[in-house]
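Next come two complexes, and both contain subunit A; in the first it sits with subunit B, in the second with subunit C.
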Partner chain A sequence: MGLPAMFDWNSVIREVVIGATKSDGGTRAVSYRIGGGTTLPFLEKTPKPPLIAFELCDSPQYWSPIITNYCGDVVNSPAEWAKTAGSAYGADIIRLYLTSTRQRNYSDFEAVKRTVELVLDATGLPLIIEGSNEPKIDSEVFLKCGEAGQGERLLLGTAEASRYRSIAAAALAYNHSLIAQSPIDINLAKQLNILLKEIGVPQDHIVIDPYTGTLGYGFEYSYSAMERIRFSALKGDTDLAMPMICSAVDSLSVKEVRDAEPGTRDTMAVAWEFYTGIAAAAAGAEIICVRHPDSIGKLKEAFRSLAHSKVPTGGD
Partner chain B sequence: MALKALDIYKILPKKNCKECGDPTCLTFAMKLAAGKADVDLCPYLDDNAKSVLGATTRPPIRRLKIGIGERSFTVGEEFVLYRHDKTFNNPPGIMLRVSDTQSRDEIASVAARVRDETFTRVGTGLMFNGITIINSSKSPQVFAKAVETVENTADLPLVLVAETTDALAAALVHCGTYRPIIHAATRSNYREMCALAKQHGCLLVVRAPDLDDLAILAKDCAAEGVQDLLLDPAPQSLNDFIVRSTAIRQLAITRTVPDLGYPVYLDAARNALRDAYLALGIVKYASVIICDPLSPEATKASLTLRQNIYTDPQKPIQMNPGIYRIGSPAKDAPVLLTVNFSLTFFTLEGYLESSRIPCFMFIIDTEGLSVLTAVASGKFSETLVRDAIKKFGLENEVSHRTLIIPGYAAPLSGRIEETTGWKVMVGPRDAADIGEFLHEEWKQ
Partner chain C sequence: MIDVNTAVSSGQTILKQRMNSLTSSFAYEETAYHLPVSYALTGIAVHNPAAAALAYTKMQDNPIIAHECLLAQKTELDGRPPAPYTGFIPDTVLRKLGYSLVDGSIIGLALLIGKPEQGSAAAGICRELQEKYMLTFLAGDVVSALANEGVKVGLDYRLIPLGPTNFHGVHFIDIVARVAMMFGGVVPGDAGRLLSYAVERAKAIVLVFPGLSDEELALVDAMRVLGFPIVSLGQYESDQWIKATPDDAVARGMEAKGIRVTVTAIPIPMGCSPAFEGKSIRKEEMYVEFGGGRSPAFELLTMKDAAEVKDGEVTVIGPEIDAMKEGSANPLAILIHVAGRAMKKDYEPVLERRIHNFVNYGEGSWHVAQRDLIWVRISKEVVAKGVKIQHIGKLLANKFRMDFPQLLDAVSVTFITDQEKVLAAKITAEKVYDERDARIKGMLDTDVDTYYSCTLCQTFAPNHVCVITPERPALCGAISWLDGRIAYEISPAGANQPIRKGAVINQVTGEYEGVNQFVKKASHGEVDRCSLYSVMEYPMTCCGCFECIALMLPEVNGIMVVNREFKGVTPSGMTFSTLAGTIGGGAQTPGFTGISKNFIISNRFLQGDGGIERLVWMPQQLKDELKNRFTEKLEKQGLGGFFDKIADETKAVTIEDLAIYLEKAGHPALTMKPLV
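== the complex of A and B ==
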């Protein structure tokens, strides 16, 4: 006998497509449809495993030495690194941070375009691109990214309440999706989505980033922010009914990881990313971003078991 | 469904005799409705009234105390599915596992580890909670020996896992009075298991993969007189666990199936997925988790996750504002200003201690917000600093008039100088750099 129905949700998390294969006008080897959930994470009849995005950058001086040491020479070529992330590390998605644009007075926007094109050529995986950190150059940077990835259904990041117009413009012009980030607060997440709606970004082109404070440094808030967003979405708030992405970027710089014995720094980094990622998935995140290659296999194995449903889950 | 105070009052004897400790039956009813009193306090209730009231006034998930003495811990007494509704109360006990086929030294060393190992975060010592002993040998004598070895090493809460009551009976000779957990009662053995649990006063795990069977089995055990139960839904995958554990929690807190109103037991010992089981057990309602001894890295990550999830997200852990001393600072020692968020305080304190420079930490009341968060929300302001200097008499503590502020508070430095009349030095953003900063910049 199955379990009794436990909840009376009436809504669905909207689906967002990431990446476009040949049949959809792109060149990706795979594309993903995330979202679609109708109840709490993993209680679906056929739950989907979360996707794992490997984060890399085009100027490794801004990256944690734990990672650059571990990955070796590939870090000097974003294209090679992206290729390795797919073939050797086992990532589902590549998240490229254009850290090169953080140099003072950056203006080589053609290079942005070239980098994105090279990475797209090097890997068949769908791409998330993190543009600049500097509002003044947002517009150029995002337009170049959008243009370089035309037809590929990129996920562009990151829109915030104080700066979302440039990225939205690029997403709209080239039919990409975007990441909407707010600092760990359900109301701010909703407000930003409304702003994006008002300037015409279709709701099935938005992925919510509720901001993930890593384990021990804000995760207690992020976890509940994610749960509340999922809960409100299922209860019918369409302005929050988007899939979520989780990136605990501070994992590699917290005290426990930084001060770990040199011989255990990698395993400590992986433990921090893994525990954060699993818990975030349980709270509703559907894309989990990591920076340590060893986190990928470990998370994948867990997600397989998490999405493996044998018991009936309610309703009958 | 919880009864209202008036409904409860109708069932009470209405003698107003005060024997329950309350002035009237009505005030007692109000306490019962709020879950703040025990029905047994009224001596005049008949059995029928007791069972009606008992089922609706006790916490929806039974509170259990595991072990005795200093390291005993409490689980259960949870009320919500979502921690943002009303915080989770009792963090799960993590019980490291040994097998009775291991050598005596190996067993003793795991027990000693659980006894001694502490990982301090935010001023709190985080520890594993106890030891699980598995009867892999199938021999009662060998099992009893292993339990004896653990008992000789440490006074810790225990879980005894064996397939036969003979083995458990042999082991309980060594620890029966210390409130261990025994695993597990099934449909075929529950009477014997209940007899054993009653004889030794242990807590009993009931095990069944089907929730209907689990509820019936729990009810049967309770009818045998054993109420200190835990539920093992025997998950075959992480998905099974999350589905069954969520169902148990939901059905219990809504009192839809009161027979599922017991804490959940999770075996996370499986090698490859151990970390995943442990992490999910922590976030998804497990109360006792058994697992193989963890690496130092998994230890820190899992204990931190448990601390995070069992912290009330509405109330950040705070320090009292005021002046704190690192070492024995003289009057010319530096003053470092920071916020009263515990995590910030302990992070900075740790780095200051390792710098070996005696100094003052000056803690202002940002209502528990971290530096960046307080600056971003306007809670960290120059007037707050000025008022704190007055309130805590900082002028009398030191002979100089210089404040070192956090790097992230740099935008406020000018205004703090103007408002307080103190000179402001902007420190590094990252507390890890504070030692170097003081050595180089602090020359009074």
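== the complex of A and C ==
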């Protein structure tokens, strides 16, 4: 028995497809259809637990040493790392950060294309690609990402109100979806979605990133924004009826993790990612991103038990 | 002189005959869109004469379809035109072009067709199109004319030679048709959708040189249906075409199609970013200064006709910075002229206020105050790097264009540094200031039927909705009704939305049906009613940015106001910050409301609570700040002397003291209708 129907939701979260298998013209071993929710997370008749994306990068100097130490040599090859993430860590999705483009005056755009192609070859999992950090090279970088992943239904990140055109163009030209990020603000999230609609991005190609603060470091703001986004969507606001993705990237640099004893640092990092991830899932995220391999199994186990738990009906 | 209409009808006859001459089948490789224009318009995949005839008839003998079919057959028979010509452009290349269009790295498309009388004029036009980030396609003799001028063509130069004949100009339209299908969601066969995409979304213009045959004129004239302005540079006579000279052809075409150049980087020898906004330049760091009471200085932004404003032009009248003595104060006039189809005279003061922000964006330029009170400094550091007064002008011209792309088509800046000329220009400026004051001052809530919302603060106050009217600025004091209106025009999906005030529910408390409906929706169902002129009944919600708090003091039957700067305890027994914590966060708290300082002297303040005579207490500093304007207003209302009856912390700290003071002063609130 579920909870009594005390919400008068009248709308559904739009579904977004990530990854294309052979039958859809891609080469992924699996593809996902995220979204489709009709009520709050874990209250569905058959709850769909969030997917877990493992974040990695192509230039590990920009990555937390906790992770690079833990993962070992594999971090020097994004393709190998992606492969390991699927086979050994158990990730559902790979999120590739093109950190190599953060070098000053970066201009080797062919390398961007090569990296994306190598990672696509190495893993059968659907891919999220995070392009450049620098508006000046957005146009080149996203063009290459879009091209390299043509047919694969990538999820491209990250569009913001001040810079979304290149990502939108790549999504439109090569039929990918994109992540639309706004700074913990329901109205700005809606505004960006409207801007994307105006430029022509179909609404079932958009995933909302509400911006995720780390637990204890502002997550409550993210939670509140997500809750409100989901409420509005379920009450019929179609400009907000998109799945959400959360990545609490600061989890690895909070004081408690940074200053932890070397022997407990991994445990602490995983704890921070895990609890933030659980909270984000409770707020409605369809994709949870993590950087520590050990966070994946723990989150999956937790989602399984949440999905199968008996919900108290109250009163008895 | 060629009459276009006559030529077009003769051209159509010829095209119809030539359509009968199609013999063999034909197809372009490297495209999934067959003959793209025919396919997009009719849904027919044309590959042979029969299908061609079908599509042609279906589109009422459209010359574009005829050209497309005829050129496809010709290409099938003769092969692609030789390099540098591209001929039909494959889908993969087009996808990249479309990417650049959506991405904004190119802002529009142009077709140059025909035989220019002078190669140099054509070269000039191409250079201008390149500078304006347009992607230009070339068809006919214009290509060889450009080659003779040494102009390089190719995708890298954003100049694409389609083919050696005017005939090849039809590829321009197959490109637009494919972009519409790839990026615009246009379904093949949906002619209506394609046309509306072309008209509304495709930023394309056509520039026609002399030498077109009747058939070719029929082709070009048919492009008008797609909403492309046709700019004539030849002896063509048509009331539907725009006549132009090589000097203004590009500008007129872009203007007609509403294509605007966006600026990305400002070419000045110092940094320019909001990051520098908060800096100050101290006396010992400054190279020169202007105004601040040390020399005459003012700023004025006015709108002009488009023809009178040369975009990006910066003029300095009088000595430049290198002719000024280090450490000196100099006269300065900042005169900005703007033009734009959406620009309105009412926006002038709102835009003028931005001079302050923009000058402060400069790494080494600093600005305070407004109008003829301005004070500007330029630092030694950036003067050593080569910054001159003209660079501040460039900064201003560019920033205005960058921040108001929908509003402004052209911005020019003039600086005057010559004492006498500054003083002369200042007289004119002061007249403009007076006119503006009269306009804003005279503007009443009853003059307009639309107010503006502000939900900027919903970030932290989730259900807060500010309603901004001509007589009630936003509670933060930073956004007036005009600002709200301009913000909405600039960003229609933004935080400032129009509110139709609708039917009056209560004239005195300022409650309107439309406002209530809006507030209910924007507060996510939390707030049902909102009265604009009352503290007691359904007051506006409060975020946390209010300049002042107005609250009831039932003990003395009055209302007090405390401003953010006042640190002491008020007669309510609470400090500003305690009060702010109690009423903020987006809640509606009857008896308490957040307001701007200027609202205190508005005739609408306390209208719903019995009138301004309810006001019993304000901190002295706030009283001083408002004194002149407030007493003037009170005089007009026949309330001279009332101002001195309002207590402050020097008269009364506690509620008991206040009651005694008010009694002694004979304050009218004491005898008014009970507040609660």
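Throughout what follows, the second predicted complex is superposed on the first by the 305 of 316 C-alpha atoms of A that agree within 3 Å, B and C clash if a C-alpha of one lies under 4 Å from a C-alpha of the other, contacts with A are read in each partner's own complex, and residues count from 1 in each chain.
The working rule: a residue touches a chain if its C-beta (ideal position, glycine included) is under 8 Å from a C-beta of that chain, and two chains touch if they have at least 3 such contacts.
As the structure is a prediction and not an experimental result, all values here were calculated from the model.
Enquirer: Looking at the overlay, what does A:E256 touch: subunit B (first), subunit C (second), both, or neither?
Expert: So A:E256 only meets subunit B here.
Enquirer: Once the shared chain is lined up, is A:F54 touching subunit B (first), subunit C (second), both, or neither of them?
Expert: In the superposition, A:F54 touches no partner, neither subunit B nor subunit C.
Enquirer: Go through the superposed model and pick first if A:Y211 touches only subunit B, second if only subunit C, both, or neither.
Expert: neither
Enquirer: Touch test for A:A173: subunit B only (first), subunit C only (second), both, or neither?
Expert: The answer is second: A:A173 touches subunit C but not subunit B.
Enquirer: Could you look at A:Q191 and tell me whether it touches subunit B, subunit C, both or neither (first, second, both, neither)?
Expert: Second partner only, subunit C.
Enquirer: By residue count, which of the two partners contacts subunit A more extensively, subunit B or subunit C?
Expert: B
Enquirer: Under the stated touch criterion, which partner chain does A:A279 make contact with: subunit B (first), subunit C (second), both, or neither?
Expert: In the superposition, A:A279 touches subunit B alone.
Enquirer: Go through the superposed model and pick first if A:W63 touches only subunit B, second if only subunit C, both, or neither.
Expert: A:W63: touches no partner chain.
Enquirer: Based on the superposed arrangement, let me know which partner A:S224 touches: subunit B (first), subunit C (second), both, or neither?
Expert: Both subunit B and subunit C are touched by A:S224.
Enquirer: Which partner does A:M268 reach: the first (subunit B), the second (subunit C), both, or neither?
Expert: first
Enquirer: Of all the subunit A residues, which ones make contact with subunit B and with subunit C?
Expert: Of subunit A, residues 183, 224, 228, 231 contact subunit B in one complex and subunit C in the other.
Enquirer: Given the complex with subunit A, which residues does subunit B contribute to the contact?
Expert: Contacts found on subunit B: 82-84, 121, 210-212, 236-240, 242-244, 246-247, 250-251, 256, 272-273, 275-276, 279-280, 282-284, 295-298, 300-302, 304-305, 307-309, 311, 313, 343, 347, 350, 376, 432.
Enquirer: If we count contacts the way the header does, which residues on subunit C are in touch with subunit A in the complex?
Expert: Going by the criterion above, the answer is residues 95-96, 98-105, 182-185, 455, 458-459, 462, 491, 493-495, 524.
Enquirer: State the interface residues of subunit A toward subunit B in the complex, per the touch definition above.
Expert: Residues 1, 3-4, 6-7, 40-43, 47, 183, 215-217, 219-221, 223-224, 227-228, 231, 255-256, 258, 260, 264, 267-268, 270-272, 274-275, 278-279, 282-283, 298, 301-302, 305-311, 313-314 of subunit A touch subunit B in their complex.
Enquirer: Given the complex with subunit C, which residues does subunit A contribute to the contact?
Expert: 138-139, 142-143, 146, 165-166, 168-170, 172-174, 183-188, 190-191, 194-195, 199-200, 202, 224, 228, 231-232
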